[in-house]
């Protein structure tokens, strides 16, 4: 069991790094890098818990997970940088721009028109940056 | 064009009633009924905007829409009755109990452990009521 | 100036007590009474700051102030007991049931349909209790 | 009835456009224009639901409606661009700068001093821009 | 290193269980027990991340950590059950009733009077239950 | 009693000014100055209620009060300017950078990883500005 735990622990951080790279891509790496001189331990927690633990669970596909995250962050309306990272992530795991736009429009029902508007304008920025980089 | 608009308007309310019945089922009808003696106009808006307009849009399937709604309501953490209605709705449109549980667990990352816990306990109540009714 | 200050201070608490009695009525007194054995100092702050300072300012009439408070509490969605007290207060200072219902319906636009629904159900309870007491 | 519905539908979008122009003025048009290349359908919803449906209801005057909206947006504290649009709107429908300032000060009681401060600084920007344009 | 990781992993869950028992006591165990039939994996996450990782960090004492948690939960205002658990926890790690009351009163400044009131009434319930059990 | 009240009132504003200067320092004075041409009365309330009343209460030390405030503002996630002021304040009353970092990391548990991240990046800015000024 010790052996299994050791393996689990190793793969928790490693699994999180791989999952973050796959899901968040460049945008995720920038967040991690920005933590280096203020809270490097927290960078490890970001790898380990959200990505090593949660996104690596088999019970829900990544596309569905990003629908949930984009919806939650747009509805809360107080985490604009993370919303942009996860609009990127949604595109990375297979959501189309149209589907992301639909999720954000839908938030008008549950969190109000301002939350939907601010979410849509965040998406507009992300889409434009992608077009520019392409 | 007048004719098309007339048709559109008729189907907006009608379409909303059918969509609410399909998605929210009995739980949705209770909400509408409870509005009758305080704000019957608002009951019409519930049919028309969320269900007649938004959930009837073709760009995203109902299963994905309910993932977004469950995530948003759990993350906001201030709309317990509506979260329960949409956990019901998620089951109605094809999400499994396990998938709904995954969405709620994931909210620990974005809205904190209390939001996830309260979401999971709401799901537990909905699942238990379903088992009892079955 | 000392004299004026002394007068101001006396009237701050006194003015707050009169304002709370006028605006919140019985519902306000219950809140104050409930604080007696946990934080009586906080009861004084409730008299002094919201009522002695803010509601006593001449720049906005009480009816407009209660529109603002009902809207804010319904939109925040996490203060159901205080929302009910201020629906009462709105009626006390001259808002009609219909006007309060309009404010709550409007919150669907800014805070989402769940916030409006929960606000309307709070109003329904307050109106029913008034009818029963009448 | 078909005819009436057709008329109603036409006037819903038209009524919304007129109401938005009257209430939000130039600031509202900028929001609509910014939606054109990301979610033009959502621009229609903005016209139709908040303005065509809600602000056009007869039960509450526009001045009272803007008190409610300014209070709600300041209290939520996560929709700065929309708060500024509605401080503009408040001035457009007859609220004085002093009255808007009172509403924002009052939010310190219900949503805390930071919400009031950030609301006041938003108002300061809107008032300064108006002075500059005058 | 494998050995160290194995040890770390073992102690992460174990350390979390010990920390939760010490900090949250009986109230924490009830939460964990309630998760058994809906999301037992999430019970492990509760042990591991908040308690095994965060509360076990050496950089801040438990008394200071509970001040932070009580303040955050009272200010957010949407997690009443967790606020009560952490008022218990605050008493368990050395905060006095008076100090907890001060923290809750202070939240009036940052999150508004309703948040402070609802926090104080939660504390009143916890203190009364303690007196009854004593 | 008149004399005592006069004294109390004088010292309430005076006490608040001294407390704000001690706790918030330069950052607090900038906030007050910015209010001068929009709501000078509100500047007085800021001195009087948070600082003259609450922070001047003897039941909790200033270091503990700033732990509570930093935690609350980071968890609410919608008051970035005030969070920065209180990270400064925390340093002023004796919290170390490491302790402030711990409080912000802990908020991941209660308000989610985005709240913690945005809090940590706010702290990074404050710390960097301090280093530059030193």
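Descriptive notes on the structure:
We just call them A, B, C, D, E and F in the order they show up, numbering each chain from 1.
Assume contacts are C-beta pairs under 8 Å (C-beta built on N, C-alpha and C of every residue); 3 or more make two chains touch, one makes a residue touch a chain.
Just so it is clear, the structure is predicted and the values come from calculations on it, not from any experiment.
Chains that touch both chain B and chain F are the following: A, C, D, E. Farthest from chain C, judged by the mean position of CA atoms in each chain, is A.
More C-beta pairs in contact connect the chains of E-F than those of the other pair, out of E-F and B-C. Taking CA atoms, the transformation carrying chain D onto chain F includes a rotation by 120°, reported to the nearest 5. Using mean Cα coordinates as chain centres, the one most removed from chain B is F. At the interface between chain A and chain E, two copies of one sequence, more than half of the residue numbers in use appear on both sides, so the contact is built from largely the same positions. Legend: contact pairs of A-D compared by residue number with D-E, B-F or D-F; the interface matching in over half of them is D-F.
A straight line joining the Cα centres of chain C and chain F is 27 Å long.
Once the centre of each chain is set as its mean CA position, chain A and chain B turn out to be 24 Å apart. For chain B, the set of residues that touch two or more other chains comprises 41, 45, 49-50, 57, 73, 75-79, 82, 101, 105, 108-115.
Taken as a contact graph, with one node per protein chain and an edge wherever two chains touch, the assembly is complete, since every chain touches every other chain. Listed in rising order, the residues of chain B touching chain D in the complex are 2-3, 5-6, 8-10, 12, 41, 45, 49, 53, 57. Residues of chain B that touch chain F in their complex: 75, 108-115.
Those residues of chain E whose C-beta lies close enough to touch chain C in the complex are 76-78, 101, 104-105, 108, 112-118, 120-121, 123-124, 127. Here chain A touches chain F in the complex through residues 31, 34-35, 37-39, 41-42, 45-46, 49-50, 73, 76-79, 81-82, going by the rule given at the top. Of all residues in chain E, only 49-50, 54, 57, 59-60, 64-65, 67-76, 79, 82, 98-99, 101-103, 105-111 touch chain F in the complex they form.
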